[in-house]
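What follows is a pair of complexes built around chain A, which joins chain B in one and chain C in the other.
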Partner chain A sequence: MEYGNHAHQLPTDLGAPAPVLRWRFRAMSATAIFAVLSGIDLLISHRFDYVLRGWLMGLMICLSFCIGGLALLMVQWVTGGKWGLLLRRPLEAMSRTLPLVFLMFLPIAIFAKRLYIWARVTDPQAALHAGLIDAMQAHAIAYKRPYLNVEGFWIRGVAYFIIFGIFVYFLNRWSLQRDFDTQHGNRFWQKRFENLSGPGLVVYSLVLTGMCVDWVMSLDPTWFSSMFGFMFIVSQGYAALALAILMVLALAQYEPIQSIFRVTEQHDLGKLLFAFVMLNIYMAFSQYLIIWSGNLPNEIRWYMDRITGGWGPIAGLDFLFHWVLPFFLLLSRDLKRNKRRLATVCCIMLFARFWDTWWLIAPNFSGDSRNLHFSFGMLQYIFVPAAMVALWMAYYFTTLRTRGLVALNDPHLPEILEPEHAHA
Partner chain B sequence: MPVREGIYGLLAEFDTPTELVVAAKASYNAGYRRMDCYTPYPVEEAAEAMGFDEPKEKGVSRVCLLGGILGGLAMFTLESWISIWAYPLNIAGRGKFSWVAFIIPAYEWTILWAGLCAGFGMLALNRLPAPYHPLFNAPNFRNGATSDKFFLCLEADDPRFSMTDTRSLLESLHPVSVIEVEH
Partner chain C sequence: MATKDISPQNPMIDPETGEQRVIAPGHTFRSITEKLTRIVLTPHTPLGWFFGFTLAGSIAMMLLVAVTWLFLKGTGIWGITMPVAWGFAIINFVWWIGIGHAGTLISAILLLFKQKWRNSINRFAEAMTLFAVVCAAMFPVIHTGRPWLAIYWLFPYPNTMNYWPQFRSPLMWDVFAVSTYATISVVFWYIGMIPDLGTMRDRAKSKFGRFIYGQMALGWRGSARHWMRYETASLLLAGLATPLVLSVHTVISFDFAVAIMPGWHTTIFPPYFVAGAIYSGFAMVLTLAIPIRKFYHLEDLITLRHLDNCGKVMLATGFIVAYGYMTDIAYAWYSADKWEFFMAWNRIFGPMGWSYWILIFSNIAFPLTTLWSRRLRQNVVYLFIVSLIVNTGMWFERFVIVVTSLTRDYLPSSWGTYRATRWDYMTFVGTMGLFTALFFLFIRLLPMIPMSEIRQILPGAKINEAELQHKGGD
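What follows is the complex of A and B.
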């Protein structure tokens, strides 16, 4: 009978399918191509500063994939649900790229003086008299010196990675132990993961706030916003979920993901993606509304740097890519249930993250703030992040291959192997 | 309302949801569209078998979308009209058309009207509340539809409906019984 019970059988080989190697090769080729382009661009422009700025942008995007993956992993441990089982191994692989992201952080810390004005200016008063900075910057740099100094930047940077490293280590280690565990029941493991993930999400939000304050917000030492950390947290979820869905959709063409992939879970993930689209615009708009309402000179200039002098259309397009397109596309039920179209929306959202990160970082620097113009240096915002993200992808595919793509010994597993609507 | 007379439809009774879904699909493939399944608990396959996924069946999502758009536009227009013409206010030199401040109420109205339209639109499209439904004239429906029986009703409004052919179609699908239901 047509509607009989046909539960899928898991294949014996749960490892990543062979095409992952092909994808890794493509990612490595892209890394090489963009690295060469970046080198040529450096020879033409002679502006190493722009390489560093592009590097910071690439770091923030790779960080959002890695730590965003960790955060979603903790969320799915806390909330449960079959979507979590589907995404678990891809998310774990994303979180295990932490060592690479740490290596990417090192150049930022080494060249902090070339990137951060507070690191470059050792004597604010002298710099003010020399006309290098204005009074507001001089005041902010002197006042924030106890926090914004190169030694503190190093110490905090390393501490952030150690804290995240602890969570990455245990969540990955236990997950593998659970696969072949026969002594303890599901309750034991579920409690164990929950007890780490619940506090982990609190720690995550605090540490990530520190990261984005240190690395991005401090590019303009005069400015501060209490929404900034939350904006980054939500945008990390936005980016990491879009990437994880894209990966699962690609892997669903092959075993073993093919046998656990159902339209029901795809639809759920589409809805979760939609929620992140809404939450993201909520955060971004709240910050704008608060600063717009306050209209205070020390806050508003951060937006003025990013809206005036040709940056207006960039901000408008950021809104279009980030919210308008994904929102109206994801409203459709059919689109969320269609693999190709959902993958397209994920690509738009990932592109929006690149666009937004550029818009956040580039106008911080004198010469480019309130003055959008073409320069060969500006092209580094394309080449360097593209090379870094491609390298990250290559490393991600390597970590993806180190363990089975389906978590075993999970109560959701028999359910996800059932045909659709198995409860009926 | 005038009293309607005659046959409402043919009601087939099944013991299992699987048989019901197979029957619904067979009827749909035979060209019947005015039909419905009645089950004690939600059976999603039954909705799919009746072509629920087809564009013309998406009334609720359309009503919801329309409500959201109209609600948002109405509030944004109202705020703009007040601030620009009805009671012009220039707060802190930001100009009369301060759209940033208008977003939040407009957003709230989008959600409110989308939600109301989805809820009430669903009721209206389902023709609820319905104090009278002809199917309750069938004794087996009264007793079984909320406990352990699964029903498929092919309605007489359907252009394909015929007392003989429709009955023979339903009887070929192994029902427990097929009965005529009067209005």
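What follows is the complex of A and C.
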């Protein structure tokens, strides 16, 4: 490959740098610590339900990183752009964590009856007369039975992973093949990736909508919002992009990412992050405004459950972490071009995803809806997701080490190896 | 298209990327300037232009007649009735304002995304935005029946009766959203045109031309300071215009979604309206670009790359629209609300179900199955046909949302039907005439392709490092 006179040269070893091993060890240590804390908390509280709720929260966050990474990977194949080359290998590694996320899903499916009221209540009318559920819940459970049933939950859940698995497999396999391919030109590979990623994004949007309805929306069977799937798509992009940028910023201290990392692309990534911050608030606010204006009993209840009884400040802080802080920070051009500060914003955004996922899940359960209070069980919303995400990170670092961090044979590579101009 | 289909001899194919070129090879700064200024500064207006302008102007006369009659008789001449109190006026408003969105997306968002291919089409796409907003803005005003009083009803102003508009109404938000959108679009369009107006001033032969373009160029001399300020202003305006791409059609979607009408009150409306707007807007860009490039021989500046990219944007936004249709129906069932479900059923199989199937064919079945093909996306005739079909489908989408939803709501005793009158049709078709006539004037009087931006992407604008080193400029 021809490079310009002043171009950086790629190092011979394109593998993940040694510190990744250290990060993996830290992640595994964190997994062990939080798992032990969760166990102690379970012994104190005797509330296994809270472990499952925390598990669902952890699953949704790990799913955001894994499937969100896959979606961004497909977006960069379809749209092109140099930022894609910078993020490609970290995103591919995120998508390859799918088997672990599938394992994380299994306890949710196995203990579906302890999490989902529609799975627990087999006879809605009897449950209504026994005072276990109200009339609205009884109607919704009976009406939605053809969709909300345990068998369907299992079948759909497995199907979702198989479908995503196909895209993960081919995108990762072809990417590696392309690195060492000397027969086919760039055009061949570009078309191949585009032809898979274009339909892949359509499939992704449909499957993810099914996932979020099954796993989160159905926690409250009376609740529905046609924008919910779209919101999840955007929030996955929000989380996966923040994590991918954080990873690249950390890896940029070492070779080989150091050679291809330029402030210009960092700035572009900061702008992309800003776009997701805006899209996310756009979705969240639109949904809220429409439901608040309609003020219909079967819709407003979902919001009332999570803005009254002590949940109001949590919703306010969600707004602060999710939008106010990243928005005002990312307005700054200097911040987007400063590694440490951009990494801080990414951390805030990841924390915001934790916060928001808790706010989405916890108030669905009677006892906690409209009634935020401290209990030892509640601590499982910290310990279990933290242990799961730490485990996911450890697995992620393992997958990151399995291939070179710079994709070869990419048409953007010569350009990205050029030193940038001072004004860029 | 498979890789082997690309002819290496085709000069329009970039051998490095295998993609269609953004600009045909062989152009220089001079050739671009001469080609584009000649269209405007020529003393010989093409006969075809006269024919087109006359035809469009005649159709616009229908609008004049229809609006005059409306002002004399009132909105009773339209087909609106109970329960369909909103008819063509609101459909046309939403359709036209949606069309405008592509112009803003091309000029603002693609600028921020550093998409150089936008340079050839952004000027006339923005002009399209302005004329579409003119057509759209007319409807809320005339639908009041007595538009000379509309300002009292629409604009908040201190008055002795302490009487204010309802600020919680999205119809009120529309006033602010659309007026902001129109203002920013005009300013952005004009600022972007200043360097070209300077060129026009310098090349105009007539005294009148030099004076007019000179006044409009605001003393542009092309100095480094002028360019710096121009670039800064462009970026700032792009930053301001970008949220407007989302906000305007979002506010319009609120006109429906905040009501509790079945079929209207659904949270997917904001993103789905915005995607639909961009979908129809890009279709209109193609409807305009394809004849223009043919008539003025601009195939080397508006290349197949532009048409292909427009097709790709349509494919992406079309799928968001399809997602919206699908979720609309899926959640009508999942809501466990019998009125919502009935509304979805009524849209598809009710007495006006034919309109739903037209929209499904026009927006989904035909375009989204064929736009996948690169070969078709680079087929000019196909693209022109698909652009017309999508624009038709997007009009029917609004028809289904407005009319079908209103004909049958909660109480069967209040069900009704809707039949547009000749005045409805004349008003709608008349706005097409107005839009086209304004567009003819634009391409005759102003440079429809930004010369200054095209020059920036020519090979001559790139810094030749070897030459610099030779001169000791490294």
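Following the convention adopted for this analysis, the second predicted complex is superposed on the first by the 415 of 424 C-alpha atoms of A that agree within 3 Å, B and C clash if a C-alpha of one lies under 4 Å from a C-alpha of the other, contacts with A are read in each partner's own complex, and residues count from 1 in each chain.
We adopt the following convention: a contact is a pair of C-beta atoms (placed from the backbone, for glycine too) under 8 Å apart; a residue touches a chain by one contact, two chains touch by 3 or more.
In this text the structure is predicted, and so the values were computed from the model without any measurement.
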| item | value |
| --- | --- |
| First, second, both or neither for A:S225, with chain B first and chain C second | second |
| First, second, both or neither for A:R333, with chain B first and chain C second | first |
| Touching partner for A:S293 - first (chain B), second (chain C), both, neither | both |
| Comparing the two partners chain B and chain C, which touches a greater set of residues in chain A | C |
| Which superposed partner A:F48 touches (first chain B, second chain C, both, neither) | neither |
| Partner chain in contact with A:G185 - chain B first, chain C second, else both or neither | second |
| Chain B versus chain C as contact partner of A:M283, first or second or both or neither | second |
| Partner chain(s) touched by A:T209 [first = chain B, second = chain C, both, neither] | second |
| Intersection of the chain A residues that touch chain B with those that touch chain C | 4, 289, 293 |
| Of all residues in chain C, those that touch chain A in their complex | 2-3, 6, 16-18, 112, 168, 243, 246, 250, 254, 257-260, 265-271, 315, 319, 323, 326-328, 330-331, 334-337, 372, 465 |
| Chain B - residues contacting chain A, complex | 17-18, 21-22, 25, 41-45, 53, 61, 65, 92, 94, 100-101, 103-104 |
| Footprint of chain B on chain A - complex, ascending | 1-4, 285, 288-289, 292-293, 295, 331, 333-334, 421, 424 |
| Chain A - residues contacting chain C, complex | 4-5, 139-140, 143-144, 147, 185-188, 190-191, 198, 201-202, 205-206, 209, 213, 222, 224-230, 271, 278, 282-283, 286-287, 289-291, 293-294, 296, 298, 411 |
